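Each of the two complexes below includes chain A, the first together with chain B, the second together with chain C.
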Partner chain A sequence: MKRVAPPGVERSRWRDLDRLLLRSGNLVGPGFEPGEEVKEILHDMLHVLVIGAGGLGCELLKDLALTGFKKIDVIDMDTIDVSNLNRQFLFRMKDVGKSKATVAAERVMQRVHGVSVTPHFCRIEDKPPEFYQAFHIIVLGLDSVEARSWINGVVCGFLEYEDDGSVKQETIKPMVDGGTEGFKGHSRVIIPSVTPCFQCTMWLFPPQTKFPLCTLAETPRSAAHCIEWAHLIQWGQVRGAEVFDADVPEHMKWIYEQAVARAELFNIPGVTLQHTQGVVKNIIPAIPSTNAIVAASCALETLKMATMCSTGMSNYMMYMGAAGIYTHTVAYEKDPECIVCSAGVPVAIEESTTLEELMQQLCAQFPEKLATPSVSFQGCNLYMRGIFEEETRPNLAKRIIDLMEGATSGVLIVNDKKLHGPLRIQLSINAAQAMQT
Partner chain B sequence: MEDKSKRYDRQIRIWGEHGQTQLENTQVCLLNCGPTGNETLKNLVLGGIASFTAVDAATVEPADLGTNFMLDADNLGQTKAKCVCGHLKELNESVNGSFVDEKPETLIESNPSFFTSFTLIIATQMGEASLLKLDELCRQSNIPLIIARSYGLMGYLRVCSDELCVVETKPDNKVEDLRLGAPWPELEKYVMEFDMNSLDDKTYKHVPWAIILMQAARKWKDEHGGNLPSSYKERNELKAQIRSIRRSLDEENFDEALSNAHWIWALPTIGSEVRTVLESPKTEVHSSSSDFWVLAAALKNFYAATGDMPLEGSVPDMTSTTEFYLEIQRLYREKADADIAAVTVQLKETLNEIGRPSDAISPEDIKVFCKNARNLQVVWNTKFSEECEGSAAVGAELTRLMGLEDSSANAALYVLLRAADRFNATHGRFPGFFDSELDEDASRLKAVAMQILADQGVANVSVPDDLVAEMCRFGAAELHCVAAIMGGAAAQEAIKIITRQFVPLDSPLIFNAMSSNTTLIKI
Partner chain C sequence: MIKLFSVKFYCYCADKCVFLYAYDRDALLTLQEKQKEDAAVANGTAKAKQSPGELRLQKDISELNLARTTSIRFPNGKDKLLQFEVSISPDEGYHKGGSFVFSFDVSPSYPHEAPKVKCMTKVYHPNIDLDGNVCLNILREDWKPVLSINSIIYGLQFLFMDPNPDDPLNRDAADVLQKDPRTFAANVRRSMQGGVVGGVHFPSCI
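Up next, the complex of A and B:
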């Protein structure tokens, strides 16, 4: 429940923040106008979404509430576990088993009066794009590449372009992202079409260690090999169709015992229950201080984005706290051919190419992204799966140049179940043949 | 107890049970309960320290409710230290908390012995004069002190301690200690007797790359007067020799051997940090030397006798049969154990010489010390007085930083923060306290900053007017987000000091929240 401010407090409460918002500055963002208006925008108009109510999420909710944001939503599918309590400071022992989003929202509203936090206890994929469309800024406190890619696809999918290829400003939805591992972390600002999106800089995420199956089956050398053998091979062979669930203690114990037996057979030391859990759940070690640093940096950038009261981060900060403190702030560049955020991926076809041939060509070019594509041009469906399939099927045999009414270039929008947002194809038709014929 | 290991699981994976035990024995004193202090303490209470004492004389006012998460509207008018203490204790029921309703500055003057009962002091939002005394006080009692400060869109962080000796520095890029170019006799014997040619194709694919490389290195040395390849050309020749004994192109062990070939000639070095330890006069130990220095003295003797560090003893994973890999692992472990035994002999002698029992240092501590010998580090932080009272080192560093494009702004912020403190000492308020005097304060602040630069002997540089104006605009605001960043960093340093793992800061740090970067002022 939102708490109301005691009378007379609200005015003087933001004294420190008001130094930035009511005073003009020399080092500020474009168009910054100090005064009551910018305060009103921050306090009463802007609606932000926090994705994740875990280590970063708890910090983010606190930081945003104490930075003057008063309309906040938070989405998280997880429930509270004992191992969260060393850093997810909004939770208590008595909350174990409850929804993270719900408890976090309640605690922040209890402490910071005047703020309204709306929880969503569900998966991010359960919400339609319109849900995300409704927020002004989206702040990410996530721990997986998959979830980041998903929301990235949705947010970049909002982008619309003018005919000259320039982006429609009102379709840009900014994101702020943070991540941590041990004493290391990063924060970054993503303004789709202006700064790189996740897909543009996918190489920043380290590859996950995966062991070859033959090593696990034939030549195990480490405790981790024995554990993964029990997890990936032995479980299926012995327990058959039973779905493995790392949160069921009996399942974890079984994996651990199998791994111990395997290790004894090969004389390999080091299998412990703690190690088993770490390997099977792919646990990322986490401490409160790094989360605090990264989340606060993200919240600060959210404030700058919302008010322009200071220069913004450009556009990625890496924090390394293990040996002294070292940070590296760098402006990464967009990938002009990014298939998620760019105006379009250039694709050249022949004049004779039909829609069906083009779709085959695209599937071959982007095997990871496309399997069953639907295609539209300037808002008109060229080929759609589902209920419009029959209606649009005759287009498959038609030449693209005819479907585009003679134009030799244009942007096609391709959708596919495998994609999180639309793929833009900047098509150019090789018209040299046309002139000859 | 089981709940405890579950509760702290994610951090025990970083600093181990022994690190956690250190944390659980720590008594922290926090000076000033603003957001910077509370955020620092919050992170430590969550981590499971033994206890904390919060010191602050202020009462809760409305402006606290816009920056401080450890206070709420019901606390208005009450003692800040008491309210903060109550909210912090809710975070972890196994942590004891108490409060002292006094000004830290007063306590330093009136009751210096108050501070000696703690294992760590965290001083936040305090000015130069009190910090100078506190630093002296803490050094006398050998208690580490962390100074943290948030000021508008900037922050300052510093560790004060005469020396912090770290065994488990846990470097990010660990150099594998494999000695491929110069194996010890037992390893050499195993490798030379290893007959690759007689293996069937499947087993051939599972010869560990360490063996492939050691055989290649041995052969090279035999053909080149005992020398390893030294030029780019020679190294390529050696790689070509390795390629020539492949039987097929799908041998992953050979791919690994080629990409690891540099370990033959890139022998693990003895870094400057370890050298500093070995060459320190502190290795001339006596009865009251700390265990670290006694171990360092033994290590120094070992190094003098063998010309090398104790072997680390671990082997990275590599394509191999289980049997080959475990055999190599055993050889490395046995050599490491032998080195530990040799260091232990040295150590017992040293302990005898200084009149301590020969078992005064546990075998576990000796083992950990030997395994980490190559990465030992001692961090020294200069006295706070050296930073404040003008010294050639500070002047030289400021001159250097102000001449660099990416650090000049942060060096200027450093000077301006100190100027703001002096301004406060003179005027009884920080610059930019009144809206009506922003411009006047800017000229005054700049004059003080220029005086500080002159005192430090920094000539021909100025602090940019833009930054002077911003410092006045900040009006000493303690913004929650900046406080959370400084508090997070301060807590991280505290953890490093308490667990004696990773490497603490060795110089003052400036955080610039405008450009999101940091600069160390290396004094």
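Up next, the complex of A and C:
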């Protein structure tokens, strides 16, 4: 064998990875070239971000570090609670109250030699888009629809397009998303513009069940009804001036005591402090093995994406632990009219085109879709029908290029009564004409 | 010679290869540098991304169909639509002549989630409690993403046209309406004029 063997320890350490990366086979992805170079890329070049250092995040960090990713960042705004310790195995009793991201990073670096984990103890919204742009792959271990939706918007916002409307491939930022809820979980691969984004398949996340307020007020039938009554009605009546904060133990205890009293009044069993926390914070009991299974799948997809040692999952795996170790993988389709990731319709205009002229052009071009459009650009309503019509009317006579503050391309959002959702217009302003003037 | 190592991510569902990175060491560094430059350029002009909720609200608000009895106010202007107030002045029913303000707090994931709506005006009404909680099915258990701000405003108007004592949030008001509608009407009038009903003082809202 001619290949120079690395030091013995390192060699045996990555023995299993070598089997994937140093040889070819019938499972490898297209373009895969086995060899030391792909290992080097995995170890030294790729920079991955893990969002969330909770139950799923701990598993993800451990898995990714042991898989050979050596440059990892982790972001989480939470601090460690004693109730986390049963499954968030990177944390110890002495860590309670400290930042999850910070402690998780330290612990992984202590245990996995040679890995560098950089923690960020803040909200994901505190970081600018450029922060997220710097990573090659973003791995999500989140527990809320809102946070997923936010990062999805940022990552899909990186997409840029060629003049022919096709996406510039270097602007695609891939994500791997994991989620768990009790015995159920999912892992998925989001390649913006190729596979469905989070918004495309929003319907996969059913809204949480909400009880009618009058049921809570008049005819409670379950422990959850009593807890929600204390939370939504009684708090306002008795402590109306104070803002309820589920993370303040005294607040939670008060809700619990009120719920117990109400449950006794209506002869309803089952109100416990734990149940109260679960209902108020909408927490479903976390099951460590679900986290482990979902994180393993996410880490594997991240490895496949990074090295091409196998083709990627296509594109959504659901795990149903209540039915045994049962999984099912579905190739969901993108929503061609997705308001977050769709390319939009390419439309070209001249530099001199005004907003009113553009709207006429659009109505002529899409007569079946548009008749009375409203137009916005980057969150600014350029022309809006209804109560803001008068305020935005002066913009009709203005040139688009001025309304877009000099930008020669961008995505306009058009709304119309004829449409069931916003239409994205990928606008390009004729640069040749711009040169002449 | 630098060997250009490129990696492609293959996705069956879209049935196409997507080129993600040029994994030549130099090319990778170049790409990272370029992204940093792009980011620096974008930094000056980058605007906050709009949430799906804001995008959908633009549609809802541009298509609002307000009755004469209703008005809407956006305290933060036309580009910040997530918080607003709707004022309803019923021209029929028990609450005719009064004016009632509802605050709307819309989540970035609207219409996945219903807006949070509270009545800011203290009102004597079987389906609205004294803290402003409103019992309207489409605000909670029956919310669906196809509904809109318009649907909610219709729902609120309907509450004033047809108070429902069978699903009470204010039990006292519901009992009075059920047993003695004339007393209920008198109570409503007194409350709207700034009087006391059942030991509770109501600020005038006429």
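What we mean here is this: the second predicted complex is superposed on the first by the 336 of 437 C-alpha atoms of A that agree within 3 Å, B and C clash if a C-alpha of one lies under 4 Å from a C-alpha of the other, contacts with A are read in each partner's own complex, and residues count from 1 in each chain.
Note that in this section a contact is a pair of C-beta atoms (placed from the backbone, for glycine too) under 8 Å apart; a residue touches a chain by one contact, two chains touch by 3 or more.
Only a predicted model underlies this, so the values are computations on that prediction, with no experimental measurement involved.
Q: What is the contact status of A:S187 with respect to chain B (first) and chain C (second): first, second, both, or neither?
A: first
Q: If you stack the two complexes on chain A, which partner ends up touching A:W150: first (chain B), second (chain C), both, or neither?
A: second
Q: With both complexes superposed on chain A, which partner does A:V50 reach: first (chain B), second (chain C), both or neither?
A: In the superposition, A:V50 contacts neither chain B nor chain C.
Q: Just checking: does A:Q378 make contact with chain B only, chain C only, both, or neither of them? Give me first, second, both or neither.
A: After superposing on A, A:Q378 lies in contact with chain C but is clear of chain B.
Q: Applying the document's definition of touch, where does A:P285 land relative to chain B and chain C: first, second, both, or neither?
A: first
Q: Touching A:M308, do we find chain B (first), chain C (second), both, or neither?
A: After superposing on A, A:M308 lies in contact with chain C but is clear of chain B.
Q: For A:I41 in the superposed arrangement: first (chain B), second (chain C), both or neither?
A: second
Q: For A:L20, decide between first (touching chain B), second (touching chain C), both and neither.
A: first
Q: Touching chain B in one complex and chain C in the other: list those residues of chain A.
A: 311, 314
Q: With touch defined as at the start, can you tell me which chain B residues reach chain A in the complex?
A: The contact residues of chain B facing chain A are 3, 6-14, 35, 39, 42-43, 46-48, 61-63, 65-69, 72-73, 76, 90-93, 152-153, 157, 169-172, 206, 317-322, 325-326, 432, 435, 438, 465-467, 469-470, 473-475, 477-485, 487-489, 491-493, 495, 502-506, 509, 513-518, 520.
Q: Please output the residues of chain A touching chain C within their complex, sorted ascending.
A: Those residues of chain A that touch chain C are 29-33, 37-38, 41, 45, 128-130, 133-134, 136, 145-146, 149-150, 153-154, 157, 169-170, 172, 174, 189, 191, 194-195, 199, 202, 205, 207, 209-214, 217-218, 232-233, 236-237, 240, 305-308, 311-312, 314-315, 331-334, 339-340, 374, 376, 378-381, 384-388, 391-392, 405, 407, 413, 415, 417, 419, 421-422.
Q: Which of the residues in chain A end up touching chain B in this complex?
A: 3, 5-6, 8-9, 11-17, 19-20, 22-27, 59, 62-63, 66-68, 82-83, 85-87, 89, 92-93, 110-113, 182-183, 187, 215, 219-222, 266-268, 274, 277-278, 283, 285-293, 295-297, 299-301, 303, 310-311, 313-314, 317, 320-329
Q: Within their complex, state which residues of chain C touch chain A.
A: 3, 5-14, 16-21, 23, 25, 28, 31-32, 35-36, 38-40, 42-43, 45-52, 54-56, 58-59, 61-64, 66, 72, 78-79, 107-109, 112-114, 127, 129-135, 137, 140-141, 143, 167-169, 171
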